[in-house]
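Each of the next two complexes has chain A plus one more chain, namely chain B in the first and chain C in the second.
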Partner chain A sequence: MRPRLDVWFTEEHAPGLRFSMRVTHELVRRRSDYQEIAVLETQEFGKVLILDGYLMVTEKDEFIYHEMIVHVPLAVHPDIRRVLVIGGGDGGAVRELVRYDTIEEIDLVDIDPDVIDVCEAWLPQLAEKLRDPRVTIHFADGVRFMRQVSRPYDLIIIDSTDPFGPGEGLFTREFYGSCHAGLTEDGILINQHESLFYDEYRVAMRRVHDRLGRLFPVARVYQAHIPTYPSGHWLFGFSSKRYDPLLDLDAEGWLARGIRTNYYNPELHRGAFALPNYIRRELEGDRQARLK
Partner chain B sequence: MRPRLDVWFTEEHAPGLRFSMRVTHELVRRRSDYQEIAVLETQEFGKVLILDGYLMVTEKDEFIYHEMIVHVPLAVHPDIRRVLVIGGGDGGAVRELVRYDTIEEIDLVDIDPDVIDVCEAWLPQLAEKLRDPRVTIHFADGVRFMRQVSRPYDLIIIDSTDPFGPGEGLFTREFYGSCHAGLTEDGILINQHESLFYDEYRVAMRRVHDRLGRLFPVARVYQAHIPTYPSGHWLFGFSSKRYDPLLDLDAEGWLARGIRTNYYNPELHRGAFALPNYIRRELEGDRQARLK
Partner chain C sequence: MSQLAQRRAPLFEGLRDYRAARIVRFDVPGHKSGRGTPELTEFLGQAALAADVNSSKPLDNLIHPTGIIREAEELAAAAFGAASALFMVGGTTSAVQAMILSTLGPGDKIIMPRNVHRSAINALVLTGAVPVYVNPGIDARLGIPLGMAVADVTAAIRLHPEAKAVLVNNPTYYGVAADLDAICRLAHRHGQLLLVDEAHGTHFYFGDDLPRPAMAVGADMAAVSMHKTGGSLTQSSILLLGSQTDAARVRQIVNLTQTTSASYLLMASLDIARKNLALNGRAIFRRSMAMADYARREINRIPGYIAFARERTDGAAFFDFDRTKLSVHTRDIGLAGIEVYDLLRDEYDIQIEFGDLGNILAIISAGDRSLEIERLISALADIERSYRRSPAGMLEQEYVAPELVLPPRQAFFARQKTRPLRESLGEISAEFVMSYPPGIPIVAPGERITSTALETILYAQDRGCYMTGTRDPELREIGIVVAPGGA
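Here is the complex of A and B:
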């Protein structure tokens, strides 16, 4: 099992904190117009997709991330037909979405065709449903795409990379405003919200939460355990024009769909919104006094 | 900030997975009669306690572990007066326990006096309450101590190391039987339950869950996000002769105590018992068909 050639991929999760995986094969390494794309075979996590040196997904734990960005809104909104995924060229979000036969159209916007090529070639576990007839892939900048949306969506999922590099614009006030405008009157916006445990993104993510809270009547944050992401404690934003993620959760309806999941379930859905105090205080800022 | 002498502590969280912290000072390294004890100052996590090469606690995230092993049972059982902590020589569990003025006696059993010495000298944030007048420290083997308990406890917390080395006996059927016998008729047993994400302890921990389920009418598992432990997804066992961790949760009563916590709150308490499907299936084994 252990190769003689001892090769490691290392990501710095915080200054002075390294997370390293043993690499059994380098499958592909390519520079696209936007970023460096690599797929490595690792001992513990199977194949992993790395963009500009940052780990995006691993075969072993991608189910957690993708189930949590898709099934949470789908268990709340009773009639999601049109969905937009921004980023997500790996196909993991689409794979979960196409399990709902009530979804009629899925637009996927990714700036980088090479990400999709690489994932279709090397990560079929993720990309297998990108050719589903309901899916339309747009190679475009997410920010620009959102400015010209004419038919609104029931659900928008911002499946972005980190708040720097090609995905930077997907964390701005302007972009969130376009998302709000591009949603139906009962639409839901899901965004990946990074972790708040290390200092690096804490301030940026509090700002994101404030921005979404000014735009949407419902702006909540929920969590999942994702072992290969910094701190393992990952957050997502649930912003909505009408539906509340807990009051409007239709647990029985979701279970009746018979979708087998490895992480998500309706009880966990409720628990995912019960955040630790240090996160609540960080997100609430000055409203700390209200914290119970 | 970054020292010129670049020193790293590395723990292998799984085969082919390394978690490494930059060390700014080695504060102490000592071999006791039982294990090698070290305290390192790190860039990101402050001081960290390491036993036989395995990271035990860090100043930055120890609050999560210690709040979760103490406040969960204390918010459920209405009248906890006598508590036993097995292991836990760092003092973190005791520090949380002494915040309850209704607790009258705390016995701490740790096999290794050197752990307590080192923590009192180098980790006062953890050890500061070990001299509380309600605390009695017993330097003894936990398994032997439990065989001769005469007055039962309302709460026993197994704050053990991993299921090998000096703490190995704290995962056996005999030991859990002694704990059951050493509890009052409405007593609660809390044990640290490792993580199930990596293969290493998965089988051992399913066995632990089965053992506790045969002894106690209520045997549940709950979770927390602990960034420095393998996978970041840590489990605890809640075994009880009478109280259910959710049905008997007294959220208002707990909040009325006015204990300020950084991780725990009663909503999170409920969420902590809502486990991901892959954990539920693992713990339930053949009862998988019942899984919703």
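Here is the complex of A and C:
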């Protein structure tokens, strides 16, 4: 039955556009040193994590995001042992990573210990593997941690929030430079690349793509469909010093691992790199201009 | 005056009351609280436009303060430990000029370092006073001019006992401080006034573990750029006076050139910034200093950079250092400071204060967060990784004693002609040449154009410095003296 007291969480996806979900319970709301953290129970998307008023993940559709930032590089690079996740205190990326027994070490860097506390208490579906013995959690500024990396990683996943605000350092040229320096010779960098559908981040994300293209010989963008993120059409960056995400895809090898997924599969992997024309033009435009 | 009094901000409070009174206005400014200029109001905000008001009885008048401006100035004087304080709305340039105009007449001598800001030499053009330049000393490793050693000031006073005043720029742009205490005693012992250009030293009055400020050592006048590190709006400044200085006379001198429509936005920002500094300055600058110290440690781990601080002090020209300044020597990675400055802006979206031939300077203040500090450090690391080259062939900056042929005024107002810069060797310059920032002249009016000066100008142009001062915007030509004028 529809509740008498009708409470909605609303996020502004564009200046003239709102996205709302009915809230059945407020489970926790806490102010950390860095941000306001809340977990709400919603009618349609289950429990949702909100940071500073922005929706981060929902129980119902988080699998799409987390599978896409982990399985895409793992199906390309045959021998990923050391992995760094920057941001991602909710634990979703780590949960997917620990399913690979060939991964030996996972470092997770998040600036805010309270996010991890809250997720372990209220979102075990995401955070359940944060205590895996291969995982080391570092509470640190991602930009600073990356600058000081001494042993390179095979895979770095930038599981960031948005490019304006506390996570903005994770979209900068200096940070990508540190990532490049902190990757092995055949390492892969995956970054959360926002959406290009609405104006807000379009210019910022075009510059991100351009910066990655100047650092890495392979810099590609791929997509997934995530219902609760603005426009529902979400992008990721795949940058690498050696591997091409399509030419080097090892579909049989990946299938042989027997990892059961809900979104990802090798055919979808190929399709994910087939981008709509408006996005191609948007991303290529800047590189064309630069080459002039 | 007590700390309790510093909780007040009479100008700010007066403006608030004025707004609350909902006065119907048939005076200037004509935008009438922004109603007449919707686009400007949308851009700056209604509150800002409503505070842009005209002088009147309740709001006082900067040219003759008797009400809330006077109260605000008195609170500022107390906060800075000065006998009196004048709010300035023409930048610290106007405060420096007021110091010189109120103490020196035509032909009077003033002892000063050559690495002063152009505003000081401009004031000499206005008065006809004659500079006696002291070698400020130079840190040979870093290539930065320093802050005048006491011994050098002593020597200058011995040679020119008739000089009326000593001007010290303290600290320098790079944060180097002189032994102000000793220089003050020295000047006063010889009957000379001590004037201090404290454009970069506002925070010395409010933080711990910083070089000594001018009013604390007994200086006669000091110009503090509240807008630089004190938090007021750009162009607002304060002129501080010691107990021996006639404030009423100085006010008359200031009024010769200061606007009669002083901006209440600027003045209110001085009042609010002073209150904040008096109440919270200590904590604010402790935090800035900790951030700058952290950044220095991290930058010094990147091979090639020298982020320097007190370890380079020598008890003489490098007497003390302002630890809130983040100055970094870049020449060892093969890049001029100006090149790093340009890279930071163009490639990393980071704007720093300035870059010269061998160094960059970043200002750390109350508005900074560790987020941005981390970006700056990482960007410097990335520049070192991506752009490093051999430092061979880079110009070492050295102090060139200027050959002053004519007082600046006589050269500035001389009958002049222009010459291609490259053919001006040996001529007397009628113009300034400087890169801006920092705004310290390479050549000033009345000085002979030497081969070293020419070489420095051409090198700085080549590295991308923004050169200013000459009538020719491209600085291909320079004005030279044909016959002195300005008598």
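Everything below uses one rule, namely that the second predicted complex is superposed on the first by the 284 of 292 C-alpha atoms of A that agree within 3 Å, B and C clash if a C-alpha of one lies under 4 Å from a C-alpha of the other, contacts with A are read in each partner's own complex, and residues count from 1 in each chain.
The rule we apply is simple: a residue touches a chain if its C-beta (ideal position, glycine included) is under 8 Å from a C-beta of that chain, and two chains touch if they have at least 3 such contacts.
Since the structure is predicted, the reported quantities are computational estimates derived from the model, not experimental observations.
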So, A:Glu104: does it touch chain B (first), chain C (second), both, or neither?
neither
One more residue to check, A:Glu36. First (chain B), second (chain C), both or neither?
neither
Mind working out whether A:Asp141 is in touch with chain B, chain C, both or neither, as first, second, both or neither?
second
Applying the document's definition of touch, where does A:Leu268 land relative to chain B and chain C: first, second, both, or neither?
first
When the two structures are overlaid on chain A, which partner does A:Ser178 contact: first (chain B), second (chain C), both, or neither?
second
Chain B versus chain C as contact partner of A:Pro166, first or second or both or neither:
second
Looking at chain A, does chain C or chain B touch more of its residues?
B
Classify the contacts of A:Arg22 with the two partner chains as first (chain B alone), second (chain C alone), both, or neither.
first
Under the definition above, what is the set of chain C residues touching chain A in their complex?
298, 347-349, 370-371, 374-375, 377-379, 381-382, 385-386
Within the complex, chain A is touched by chain B residues 1-2, 8, 14-22, 42-45, 61, 64, 197-198, 223, 225-227, 231-233, 255, 261-265, 267-268, 270-278, 280, 292
Chain A to chain C touching residues, read off their complex:
141, 143-144, 146-147, 166, 168-169, 172-175, 177-178, 181
